[in-house]
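Two complexes, one shared chain (chain A), two partners (chain B, chain C).
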Partner chain A sequence: MTATADAPATTSPDATNEPVTNEDDPDGDGDGAATPEGTFYDRFPAEARIVRATFLGAFLAFAIGTTFGIIQTLHRTGIARPFSSVDYYTFLTAHGVFLVLSFTIFFLVGVFTWALVRSLDRPLVNTRFSWAWYGLMAVGMTLTGITILAGFTSAVDLSADVLFTFYAPLQAHPLFYGGLAVFLVGTWLAGLDWWRTYLAWRRENPDERIPLQTFMVLTTTIMWYVATSALAISVLFFLLPWSLGLIETVNPTLTRTLFWFFGHPVVYFWLMPAYLLWYTVLPSIAGGRLFSDPLARVVFVLFLLLSTPVGIHHQYLDPGIAEGFKFVSMTNTMFLLLPSLLTAFTVVASVEYGARVRGGTGLFGWLRTLPWRDPAFTGMMLAGLMFAAGGYSGMVNAGMNINYLIHNTIWVPGHFHLTVGTAVALTFMAATYWLWPQITNKPIYSKQIGLAQVVLWFAGMALMSNAMHAQGLLGAPRRTAEPEYAGFEYGTAFGGFQELNVQIAIGGTILFASAVLFLSNVVLTMGNSRTDGLAETISEPISGPEDAPLVLDNIRLWGGIAVLLVLLAYALPIVAIIQRGGLFGPGGEAFPMVLDALSILVDRAPDAIALLTDRAVDALGGGRLGGWP
Partner chain B sequence: MHVHSYEKIWLALGLGLILLLIGSVTYGAVGPGVSMVAADQPTVDPTALDEDDRFAEPRVEQVGENEYEAYVVAYQFGFEPDPIVIPANSTVTFMVTSRDVTHGFEVVGTNANTMVIPGEVSTLTVETGGPTEYGVICNEYCGAAHHGMEATIEVVPQDEFESSTGGSTDSGGSTDGDGSGGDQ
Partner chain C sequence: MGTTDSEQTAAGLIEDPKSFDPKGTLALILVYFCILVTMWVYIYFVEFLGNDLIVVG
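Now for the complex of A and B:
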């Protein structure tokens, strides 16, 4: 990490004109940057400890989540089913919650804290406050996690086999919702912490442009506030009181809609730290510089504006929502492709610039000069490549009519294992190889293992995700313990159903091996002793912030427009849903998922008692020993 | 703000792609007439379906010349009727609702697919082809035995349909497309 602020780029104007092929620029990664004065750990030890703690929280969730992942993969594909199919849904709920809420968001708050402090070159206002939000997040997620895991045992009256979407009228234990609420408040306070620190910096530097990384953190935080407002309403006003028995019914369509109001922007929340790393860290690792600071700002503004008014595209197949609302959502969704397409251009151009600075030539020959032996570089590049593939299947999902072919099939998890499961997760792992030494002063235990690990993740995911997409086209549903049915056979496309199952299982196994290597590498790295000389620099953009119109930095303006767009997209649908079904729904009952465990217990109790009685009689009477049936 | 010419070209191509995608869906709606599951039915009380003449006795009923309606109830963990028998070479509108939690209704291998939400009635219209059989599955997690929730659709010749049902009860159908599909 470097002391350099992003802001004062001393870019030569020539470079902006001919940036991609500019070979006159002698070094590319040095100019404009002040000399680094050590790592982040050296400069901001208190903040480094917070970042380290968030990463460890993320890795713990990753360890649990991926372990459940391999169990599910083998169960679903029928390779090995050591657990019951009822437990599968407990595993699935935990896999979802631990990976997409806990792993991603804990890592995010770490990256953002690092990026903000680094780019402002200023400590957090008050680290005790920072530990407070960290504590809330940890406590909240622990409560939710315990509630889910308690589903494995009927000994305690806790359960939450509701998957991470918790669609009513499936009902979880109140602690599940309560834990989520506490976790959410923790993330809000984290955002507040970043804003406070930024405003303090602003008072000290009234005339400076917002540094790029800080800009990314601030816009994403606003997006998060907008997005989570609906989740908070859903949980606090409907689901939590309902699970406590304070209200009798909820409107399933309304709570679904509020969930997806949050549920789509959350995917960009996961993605934004990956984008931040691609924009600011990846070009430097490649030996290059970011192509354009202004365009990076435009991209983050577009995400702030467009991430939220699109959630209804998860509900194309919902009855009770008019076709017109779905069409509006689809149109917004398609425009949301734009910032990602721009990112593809900018990131590739920045990396190519780095390659040419390193002496690369030719139309594609420059690719050879890139630092492919560096796991941080290779991991992020492979993650970006996978994101392109995920973008294509995402276009199919977004297409309102072809979506009918794949909605709720395993195509959809195939898609998001490319996006959150690779673009985000692999970027996080790759970035760890670069970032961990900066926040701890400990060198990575083995970069070779790191390289093997990121390549394995890519290979395993390519196999698994491709087969999942193909099975989805056959109609195999997602979220099921046993996708084989009695009444029909699947058709054949890109291989038969069983053949694709084998591909999924092999891919999943490779992914699990990769996860084990990653976690082992981190643990072994923690055993290294601290050394000097690990500081890395982040280079200045070719086209710096002075090229960006000032209005881009007006985050209040963009936040206001974002809220307006959300109101335009959601006010009418939500009013219509409430008018149709009522605020608390057209009737119905709650279906507490804890009942499942109890009923199973009741079902099994007579057998178990009979068995125990037998054994007792045998034991007492010295009858047949070892006679377990 | 400086935008490199390559960036401008890329931006234009990206916008072109977006407009193309939106255009293709728009064409699908106004050209071939692919329609979406929407809000065309009033809500129902999921706990009082036996007071609704469509769902009190789930069945397939003729509603016009070569037009049929299939009233289907999804529940933990099955569909009613099962099998759903519908006549070949006809237009069938499925009306599906749930009496408990949120389910899915997916005719496997086709694009006949909808969420089934308690309190709402999903409608989707399909054109059946020749006699055949389809699997129907619930594709939204609905509880501990979700994976066992399935049914079949039997598309039978018209005469067989009439003789088996006397014209209006308990029948099935095939599906292929929303709105106006062909056979799949």
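Now for the complex of A and C:
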């Protein structure tokens, strides 16, 4: 797509032939931006290579993660079980870690690097430092990934079938935790890289407002530092020493709580690049302009403040945490709906402006004038629509009483496949169709395939996620290789259990097909030769930063309040958990994931057979089974 | 913002973007709100008619 192909004033039936210009819109196409000077690749080639490398890392993880996804889908639903059910947990761990830690975060660091450099209009301070953090992230994730994948073979004494939450007493090989720690340090250094580039820009531009995209990057980075502090403590002080045998036990409630201290903000960490793209790129693709820069800043400040002190809402069923603390967490969580609803308004209004400029009329008729044939636009809009549905199931998760209804059921994976699995993942794929030409100067191989791909993802997820929610309401558990039980039948609602299984399997297969199309399109695009004329602009907001109160840019203030809120929400629960169970736990053995399930069976089988024989003899001799345990 | 529909033309919006009044957005959000309320009420029935009461505290 060229910069002028979608120029709204020329496509609008209502627009006059005379271009209407004003000082806010130099080329008069309604987007408030001048014709672009070149792509990101033209202007910042060194940074473009870093962004491309992060995207390729993300796509590799996506390829592995989605392959495991289809295997799990067919296994769990009983359609095809070529692998052992014991291996299911290795697949599940790999699916989780590769998709929600590797795919999302590698893509995030790429988007943030692009957005920061683009919006500051200056290069990174030192790209060698950038390659260093990229290298750390890649090495860390490779170590963690290999440890997980080694779980498929008993030839090496390595495995980490602990799922992406790595709850103790499930224990992984030390390399799993070590790799995660290295990956985490890489992300911290990436944040440092963005901050120091910003500070260098600030010295050069002491009186300028922080550009919106940079503001989004900086606030999200602070949120990440706050959130990951708990994960670092959990891994470095408890889980890693424990898996190395330096300490005997850990307090599982404490490490779980520290995980969810990190685990809720991490979902916003995944979402923030999607939000950044919705706020700044999507309106431009629609031919519109961001409705309000100040509102966008308010939303990112609210996420910085509210996304961490809510993690206990993942632990409503944990017995070691008092109900009062859970209630506080629920209240904070409900406040968190505010920035999401503000986003729904701002982003849709920005797109509506584009539609009106294109000549759209009526209460809903304007929707028809939007560029639905553009995969970047359609993908992001469908992702936003799915997020609205995920918002609903999220409200059910967040309510303490109705959470009990669906806790630990497959409803929950149904929910997060709408949020991270679609709102985030589909936005990333859609954005790739727009961003990849900017960072490589190579046009997308096929936008038609791209359009089919994003629609397929939406359709597949609608089918799979809806059926997962429905099975959850029937009580089907999550994280289970074989959710069918002898002597028990699930109730019937929205179709029977098997019918819903078929929906899940078909949905999952469509999703896998969509993933293959996406990856093939990217690979074929990489084979294209570089060309000129691909530059895209990002339009100026209707209400710009000059309308935003200066205090919004005081990131130190918001960071301070965020830390204070976290202390208020977490200090008392953590003290109570430590008082009750001790810093290193009340005792209990690890369930180490480094051992081979088969060897346990072989070790214990003689005892079990002997016991069974004794009981059988007793039963035959005594004529009763009263002694059966 | 006190605009009339006649001002919300493409040319009018390009000339004065701040005259834009996102009525279509309001309509979509109201539709979403109605769906949310309906589903929320529905979940109430799923919980309270399909299962025993859950008492917190």
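FYI, the second predicted complex is superposed on the first by the 561 of 629 C-alpha atoms of A that agree within 3 Å, B and C clash if a C-alpha of one lies under 4 Å from a C-alpha of the other, contacts with A are read in each partner's own complex, and residues count from 1 in each chain.
The working rule: a residue touches a chain if its C-beta (ideal position, glycine included) is under 8 Å from a C-beta of that chain, and two chains touch if they have at least 3 such contacts.
Keep in mind it's a predicted model, so treat the numbers as computed, not measured.
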| item | value |
| --- | --- |
| Partner chain(s) touched by A:487 [first = chain B, second = chain C, both, neither] | first |
| Touching partner for A:543 - first (chain B), second (chain C), both, neither | both |
| Touched partner set for A:116, first chain B, second chain C, both or neither | neither |
| Chain B versus chain C as contact partner of A:345, first or second or both or neither | both |
| Touched partner set for A:405, first chain B, second chain C, both or neither | both |
| Touching partner for A:359 - first (chain B), second (chain C), both, neither | second |
| Touching partner for A:388 - first (chain B), second (chain C), both, neither | second |
| Touched partner set for A:289, first chain B, second chain C, both or neither | second |
| Chain C-contacting residues of chain A that also contact chain B | 16, 20, 291, 323, 345, 349, 395, 400-402, 404-405, 543 |
| Chain A-touching residues of chain B, taken from the complex the two chains share | 1-4, 6-7, 10-11, 14-15, 17-18, 21-22, 24-25, 28-29, 34-39, 41-48, 76, 100-102, 104, 106, 108-123, 133-148, 150-152, 178 |
| Chain A partner contacts - residues on chain C that touch it in the complex | 8-11, 13-18, 20, 22-25, 27-29, 32, 35-36, 39-40, 43, 46-47, 51, 54, 56-57 |
| In the complex with chain B, residue positions of chain A that touch it | 16, 19-20, 85-86, 89, 92, 161, 163, 167-170, 251-253, 256, 291-292, 294-295, 315-323, 326-327, 330-331, 334-335, 337-338, 341-342, 345-346, 349, 395, 398-402, 404-405, 407-409, 474-475, 477-483, 485-488, 490-491, 543, 547-549, 576, 580-581, 585-589, 591, 593, 596, 600 |
| Residue numbers on chain A that touch chain C, as the complex places them | 8-9, 12, 14-16, 20-22, 24-25, 28-30, 32, 289, 291, 323, 344-345, 348-349, 352-353, 355-360, 362-364, 366-367, 388, 392, 395-396, 400-402, 404-405, 473, 542-543 |
